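Can you read through this structure? Questions will come right after.
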Amino acid sequence: MKKPALPRQNGSAQKKSLSSLLAVVLFLVFFILALCANIIAPHDPWERFDPYLPPSVEHWLGTNDLGHDILSELIYGSRVSLLVGLGAAVLATAIGLCVGLFAGYYKGVTDEILMGITDVFLMIPRIPLIILLAAFLKPSFWIIALVIGFLWWTSTARVVRSKSLQVSEMNFVLSSKCLGFSDKHIIFTDIFPNIIQIVIPKFMLTVAAAMITEASLSFLGLGDPSMKSWGMMINFAFTKGGLINALWWWFIPPGLCIMFFVYSVVLLGYSLEEKEQAVLGIS
Amino acid sequence: MFSLSLKAENISKAYGNGRSSKKRRYVLEDISFEVQKGETLGIMGESGTGKTTLGKIVAGIEKATRGEIFFAGNSIEELSKIDYARFRKKVQIVFQNPEGSLNPKKTVEKSFQQVLELIGIPTEKRGEVLLDMLQTVGLSEDFLCRYPHQLSGGQNQKVALGRVLLLEPDFIILDEPTSALDISVQAQILHLLKEWQAQKEIGYILISHEREIISFMADRIAVLKEGRLAFTS
Amino acid sequence: MKKIARYLLALFIIISINFFIPRLMPGDPITNLMGEDYIVSQESIDALKAELGLDKPLLVQYVTYWGDVIRLDLGHSFHFHTEVSQIIASKLFWTTALVGLSILFGTLFGAILGALSGWGKNDPKNKTLTTFFLWIYCTPPFFLSLVVLYVFAFKIGIFPLRGFYETGTFTDIAKHFFLPVLVLSLSLASRNYMIMRGSIIQEKGKLYILYARAKGLLNRGILFRHAFKNASLPLITLVALDIGFIISGALFVEIVFSMNGMGTLIFDALLARDYPVLQGIFLIITIMVVVANFLADIVYGIIDPRVREQR
Amino acid sequence: MSCLHIKHLTVTFETLMGTVVAVDDVSFDHESKETLALVGETGCGKSVIASSILKLLPDNANLSGEILYGDKDLLRLSERELADIRGQEISIIFQNPTLALNPVYRIGDQISELFRVHKRASSKKSKAYATSLLGRMGFKDPEHAFHMYPSQFSEGMNQRVLIALALALHPKIIIADEPTKGLDDQLKEEILKELMKIKEEKESSLFLITHDFDAARNIADRVALMYCGQIVEIALSPDFFDEPFHPYARGLLKSLPSHDFAPIPGASPSMISPPEGCRFHPRCAERLEVCSHEMPEPIKKSGRIIRCFLYR
Amino acid sequence: GPRVGYGIAKNQNNRILRIGTSGRVRSANIFLDSYISVFAQLSNPSLMKMTPDGRIVGQIAKDIHISSDYMRWEFHIQEDLYWSDGELVTPEDVKFTIEYIRDRSPVAGWMKDTIDTVSISDEKAVILQLKRPYTRLDVEMATHRLLPKHIWQSIDTPMQYTNPGENVGCGPFFIQKIDLNRGVILFAQNPFWKGPKPKIDAIEVHIYQNIDVLSLALDKGEIDVFYNYASSYPYQNLKKIRANSRFDFIEKLSTGLIFLGLNLGKAPMSDLRFREALSFAIDYGEIIKLDSLGYGKIPNRGFLPPTIEHYKDTTPLEYNPEKAKQILDDSGYGDHNGDGIREGHDGKNLALTLLVRPVHARLAELIQDYLRSVGVKTTTKSVDTSTWINLKDRYRYDLTIARTTPWGMIMHAGWATGYFDSRRTGEGVLHNIDDPKFFKLCDDLLSTRNKEKLRDFAFQVQDYYNGQLPAIPLYWNVFVTPFHTKFQGWLTNPLYGIFNIDNFLNIEPAQK
């Protein structure tokens, strides 16, 4: 007589690949939106129709206070938002990662110096600095991405450092040192893979933060207000009565777009995570 | 010709809070010895006497509180960058805890490949060298794609050893190299080590608690007790 | 020792930056003091500048500034018409309450839920939770505050629309604090959730977790007794960093809920280029962040002996 | 009376290179109060058997068979039911002590935790008990040891901590995966003595996985020999060491120091595609014709269980 | 039990007027804080006031006598005015206040140069002896609050003075409390007020930092009326409150407007033809539709709206892009290199910087688009207010968007001259004209109080604007003020809207 088969713990492989497929698809959709905005958008986003129109066949998401077609704005907005979000997040994560890894690995004086710099950056009053830059720089969104990137790396650095302090004490790091691997090699191939789980969420969060910050920066006066981005759309939806008149088709879609884009990044992160969990055999 | 040697001079090591001397505990005190190429020094000692610590200090990956290590006559503290890199390649250690000394996020293959890359083996030859080494330490190809936690204790130990052997070092510090191996494999590995020593004139510092292994392998035997090293015949 | 030297140096630089950045911003406090139309002789502008100490060369001002910092004399505000220390003290009380509560709840909920979700399987329940927190995170705080206010204070009407208090009784204050604290806690929790989740995932493959299971601990027990402590390092860092951010980051929540806190103070002082107030606030924030970081460093050491040994 | 029946236990792992059959249809009984030594080649599946008993295998493992403990099938218990058994009734000493201990808790706290979780003891009481346990494990200053972290201990010291942990609650079955690895002779002796003492006192049984034949000879009642996922011989300890049946056992005995470390020729077999027929036949000096194409079944012979055509 | 909603239940008292504002009151200093001093005119009235039809008349001052050379001003003080602590209001208080302002207010620099002595005559009058003739002292005196001497004489450094508690005042109401943490300014009836009895018991000013939340509060009935100095209720929020039957609206064409400022010192803005071309490029109708949701009027080239005294009907502005292009072509701004952007006289592409504050972001977008379609490229530079003031004062812009305030329209020589006269400066003013002809006009305006002459000069100023286009008005805006119908009898004046004493003495709870 056969006993019932033991339940297998891991979910089906098919389901896993499905969610990573979804992530890739979602990500690509946004990418294509950004690339082919001029083909996909039903209208020129700067063309003015009647303002404050509710959704209709002609304007799926209605029009905004200037009479711009919101759907087209949304599609064009992906360009700036993706650029700013990803650009700033990549920059911030890269800087933060390097600083954190080096500080955690070398310890001692290097650590003190790097963390000192981090502290300074951390406490630089950001808004004044941004106002300062706004007055002297020509407004453009890649400057915004740069500014956010250069200011938002500090917490990543500190988080990475705290973890890499832990990891760099482990025997396998000693072992690599002894084999004569260069410090760079050890940092990036030994320590980094062992802290990636913290960097991934940090990166995702930075993407979202950058997209949103870009909008609040314009609130403070930095940036070109006529530039179309999701953050900007939300910003105008609020300053121009979107919420008070419950024009949800105006402020919800850009919010959703940010959310879904970040979600696609998150899903990508998760499929990485799952792949790793699968090989490590943990659930 | 000046013979290549690894020498420890007056090594002391204290653990505990740096400043308050009360809490400082000396694990090693005034230890000196010298190992020549091609020679095996066996070190025995009770658990927790500081064998591993001594090994790490000699390998240059832990700082001694006092004392110096000399490689080929030069203190390793004062080595130039190039010389240090050479020392780094030529003096290796195999850790007691084999799984801990392998990166949990790297497959066996990757662990090996990176060493091969490090020592500058051309890409096309790497596969061959790798398989050779696997065979030498008695692992099959199946293991290439495994992560350390997917290996048994002994298999981990073999990987760790194989990786070090690839470097063709002059000195290897072996910290309980066969503790996780069954006796047959242990025998294989010990023979292998002896063979390599004969071929390549490697100097071993063999740390083990097993008298038989030590006496089988070592030319000289020292016992570590209460922080001091005593040579026995 | 090294640590203290580093903090002192960082403090020196930051406090200097706090002096220079406001002054490098275009405009000065006097422009804002004037009003629509005026004719003032250079003489009276000079007199005004002298009164505010802006007539001296920047370097001299800088030296004076340091003297003031060391004496902890924050000076008086051009626009708020009181001692800077007094303004800050009065705002700090409310803001600390607001921020403190939010950090407390945000950290607790974020960390615990994040740990549970990272620990458990990636099932629909956890996915929903993650999506929820992502939503929160992707929503600008401004937006979130307004929506919450619209629904709970306007539509349902169980909470007040604005301010720290109306009558000043405990329940009154609690009612006023509920929504802003909710919003701030949620947005903090969303971030802590993500970090904790990742950190726990990193830990759960470790052998000691398996061994804890072998010891006969239950799943939750292992999570909270074993994995949690190891995984909390990054979170501690973040919480320490928060202190500074939230105080200024609370601005949007303060604006929506018409709370006259530090965020608003910074914003007003900034727009008015009120140097003493700006310097005062930045100094306070700097000190708080440094202290928080310092504490975080100590806590690291307590949590992880391997890190402590590095000292 | 037997207290652990292992019936047709098979454990496989999915890897990129194929399925690893780590344990292949293993059946044996473990009597109560008995010391059973499991010996065998590196990587033959000993630790996997140990982990399967407590169901501590990773996700990529597939289990089948039964592990009966009393009237319970351990493999089919829920996590909650298992939690009551783990540590309390069946304890395990992992092979890799340093990684098994939580780096951020003090040694002492990790031991007292057991009492707090299973016995709901007060913290003072459990501390006292933990300290005394450490003392019995050869720590000269147990108070001091209590306050140390795993990273401040040597490998051997952590090993002993793990032993202390395993003995703490006087479990019915102690599974010890190379408990004396890395310990010097004197300490080894002490620890084993301690182990046996507790075992006698509390009438526990010991499942000892070891490479140390001396230890096995000294303390084991029976010895099980494993090769490539299969148990190839089970015999009473004196019988086994005096006159091993299986050619692999004979080979092993020859690798002992007393024979100048003469290893069995040939390499360990792959566990993904093990040799046809008898798994040992490629390295066997006494192989028969059948060995290469037919797998020998375990048979009982003169009080032993043996898996070899020589004894058919 | 039943859930008691916040606000609604408590707001049953029909005799307390609750005003909602979103002004950023910074400190409890009625002398220096610019937002609180607007509200403080209720407790501390000014010597003069503006009537609903825009004339300046006495308030604390019963009547005034001005010497024919405008050098000596005699203000006769009301005799039955009492401070809320029971003290009589005396000329001493007035003298003290004027001297106090002159010596201690950073914004009253003009007084130092203008007022020679302040003295008191025995007939309860204050006499100001001036250093030079000044015709508009009465207008200035409509914006300064009277301070009680017996309180303020001990306050040497008003810059460091706040009083969150009772502020002694002599109006019908006085400030009882300024609680900025709670966000309210509470006014109670002045017990010693001898004038007509107010029909409401108290006034509360509630400060909201967000205008949308303020709108919600209004809708919900937590506040009765909206008030921001020189501002309309936000047009985009009107639709919602219009749907609330409990509210009614005051709609008035304001004396202020939104305009496009030009840096006249720089080419090509220095070229009148270019300015005219710009004026034809702008679609005023659309701006009104989009930016003011219809609450605006297409302005004339004469800048000033019809609500101003001595308004002259000048040429209305017109949207005619073809004409704009024609003018540009004719006056040497052709697109010779064919890249779609016209070149200036120096041969370089016309690329102008449009300097704006974030509030005008949307207008900037429109202007940018209009100019683009006639071949002029603009870049929007959005900065915060202080930066804007700074850059504007240093003439670091080509175009900018600004608004005027009611006070701004009458300051300096009046008729918006304060915005353009380069001899003056100030937060919101452009000071971009240094034409002697314009200076002469301003001086002429300042030289007389004769009605006929004034009208003549005012017409000339409007003709000057009409001819020279120093700035292009974008629209004249209508101020809308929603109020709860439980109060009736609202009076507004062009300077302070509903926030004036006449109004608060006049309004009363509606009869059911």
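Every chain is named by a letter (A, B, C, D and E) in the order it is written, and numbering of its residues begins at 1.
Operating definition for what follows: contacts are C-beta pairs under 8 Å (C-beta built on N, C-alpha and C of every residue); 3 or more make two chains touch, one makes a residue touch a chain.
Note that the structure is predicted; figures quoted are calculated from it, not measured.
Asker: So, comparing C-alpha centroids, which chain is the farthest one from chain D?
Answerer: That would be chain E.
Asker: Check A-B against A-C and say which one is joined by more contacting C-beta pairs.
Answerer: A-C
Asker: For chain A and chain E, what's the span in angstrom between their mean Cα positions?
Answerer: Computed from C-alpha means, the inter-chain centre distance equals 44 Å.
Asker: Let me have the rounded angstrom distance from the C-alpha centre of chain B over to the C-alpha centre of chain E, please.
Answerer: Distance between chain centres, rounded to whole Å: 84 Å.
Asker: Could you state the distance in Å from the CA-based centre of chain D to that of chain E?
Answerer: The answer is 89 Å.
Asker: Please compute the C-alpha centroid of chain C, do the same for chain E, then give the distance between them in whole Å.
Answerer: Roughly 37 Å separates the two chain centres.
Asker: For chain C, which residues are shared contacts with two or more other chains?
Answerer: Answer for chain C, listing residues that touch two or more other chains: 25-26, 146, 150, 205, 207, 230, 270, 304, 306.
Asker: Can you pull out the residues of chain B that are in contact with at least two other chains?
Answerer: If we look for residues of chain B contacting two or more partner chains, we find 97, 99-100, 104, 149-150.
Asker: Residues of chain A that contact two or more other chains, please.
Answerer: Chain A, residues with two or more chain partners: 131, 135, 169, 171, 194, 238, 243, 277, 280-283.
Asker: Considering only the defined contacts, which chain C positions touch chain E in the complex?
Answerer: Going by the criterion above, the answer is residues 25-28, 30-41, 44, 48, 51, 76-83, 90, 94, 146, 149-150, 153-154, 157-166, 175, 254-260, 264, 268, 270-273.
Asker: Looking at the complex, which residues from chain C come into contact with chain A?
Answerer: Within the complex, chain C contacts chain A at residues 2-3, 5-7, 9-10, 13-14, 17-18, 21-22, 24-26, 121-122, 130-131, 134-135, 137-140, 142-143, 146-147, 150, 191, 194-195, 197-199, 201-202, 204-205, 230, 233-234, 236-238, 241, 244, 248, 252, 266-267, 270, 278, 282, 285-286, 289-290, 293, 300, 304, 306-307, 310.
Asker: Okay, in this complex, where on chain D does chain B touch?
Answerer: 13, 15-18, 20, 39-47, 58, 60, 95-96, 98-99, 138, 152-157, 159-160, 178, 181-188, 211, 213, 251-252, 255-257, 260-264, 267-272
Asker: Chain E touches which residues of chain A in the complex?
Answerer: Answer in residue numbers: 46, 48, 51-52, 65-67, 131, 134-135, 138-139, 218-226, 236, 238, 240-241, 243-245.
Asker: Can you name the residues of chain E that touch chain C in the complex?
Answerer: Its residues touching chain C are 3, 5-8, 24, 26-27, 29, 32-34, 106-107, 109-110, 112-113, 158-162, 180-183, 206-210, 212-213, 216-217, 219-220, 222, 383-387, 389-391, 393, 405, 407-408, 411-412, 418, 423-429.
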